[in-house]
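The following blocks contain the structures, represented as structure tokens.
Paired with subunit B in one complex and with subunit C in the other, subunit A is shared by the two complexes that follow.
On to the complex of A and B.
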């Protein structure tokens, strides 16, 4: 699954650690999600969406969908 | 900003491990020295051996507590994964060694070595995590 997490984070000038602290997860988790190595659970995806004030589908994209 | 509760879980995990390993070392080394010095009768070997064994049992309990208490789902995934690798590693060696010794090809070993191999297998699990997910899994 693709996602726009890195772009959204960069727009806010947040480091991975900043985002991790806001989400209550480790920096490794943020890195794994950003690089597509790990797809978050639905509750974590909702937390991420709430943090950025966007719907989930505006952050997480199906494989093959462009960012 | 929210604090990271998984870091607190990891701190509790490390603290619990330090405590149980301290008891283990004291029971093992102290027990052996005491038995050699004949400070206690031979019946004292039973509680000493049980304390050593139970320390290993509680180590597994402590690992289970970390899995339960870690709220970071990705770190939990890594820890569960490395534990599965370690279990597969230790149990595979135990099974193969068991048959080899059963057919008198190699000598039997004391069973307490299998948990030792399980703990060594944790490192193999961390390598597997590093390869698959790009991180060793330890919270920093």
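On to the complex of A and C.
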């Protein structure tokens, strides 16, 4: 699944570790989600959406949808 | 990034290397009959003492979270119990003629600590709050389980047709643990 996590993080000048700390997960998790190697659970997706103040579908995109 | 060192300035790799080298020397000494089994067991317990600074050095690394620290400590205590229990069981077995009940009891000495190791692994999965790390561990465990089943079945038939010697069933745990490491290495190489 594609996502805009890296762009949203860059807009706020957050490192992967900064985002991980805010989400309460490991930096490896953020890296895996950003690079599309791991799709987060719904609870974690909601936490990410809440953190950025956006709906989930504005962050996570269906395969084939462009960012 | 903070350097991963102990107060004495040693990295985890230093202690891991010392532990592996010490264990290898003890195994060679035992296999060449240079030392008797009880001495080998005592020396091995001493070598396992190197695992304490290894775990502590690992805990100082940035990547060590509290759940992994708890897992390492539980596994370390169980490992000490295993070596001690195995040593006592073999010594008693070699020294006395035992009843079936007593054999059952001494078989429990190395078995119970291995149950503690399995419990520690289970607790890690329960306590790990990071879903990605938990997913990786579960995936590695299932890959390793597949490896144990494949090797076990193949070995069983080779043994049935008398091509290979008999091996004891307790080997499933070390083979599974080795497979767990291989699976994690495989995922790392593939960038997963």
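Going forward, the second predicted complex is superposed on the first by the 67 of 67 C-alpha atoms of A that agree within 3 Å, B and C clash if a C-alpha of one lies under 4 Å from a C-alpha of the other, contacts with A are read in each partner's own complex, and residues count from 1 in each chain.
Operating definition for what follows: a residue touches a chain if its C-beta (ideal position, glycine included) is under 8 Å from a C-beta of that chain, and two chains touch if they have at least 3 such contacts.
It should be emphasised that the depicted structure is a prediction, and the values quoted were computed from it without experimental measurement.
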Spot which of subunit B and subunit C makes contact with more residues of subunit A, would you? B
Between subunit B (first) and subunit C (second), which, if any, makes contact with A:21: first, second, both or neither? first
After superposition on the shared chain, which partner residues are touched by A:37: those of subunit B (first), subunit C (second), both, or neither? both
Have a look at where A:13 lands relative to subunit B and subunit C in the superposition and call it first, second, both or neither. neither
Touching A:29 in the superposition: subunit B (first), subunit C (second), both, neither? both
Shared contact residues on subunit A, subunit B side and subunit C side combined as an intersection? 24-26, 28-29, 32-33, 37-38, 40-41, 44
State the interface residues of subunit A toward subunit B in the complex, per the touch definition above. 20-29, 31-33, 35, 37-38, 40-41, 44
Can you list the residues on subunit B that touch subunit A in the complex? 1-7, 71-75, 77, 132-135, 137, 139-140
Complex interface listing, subunit A residues touching subunit C: 24-26, 28-29, 32-33, 37-38, 40-41, 44
So in the complex, the part of subunit C that touches subunit A is made up of which residues? 63, 65, 129-133, 135, 191-192
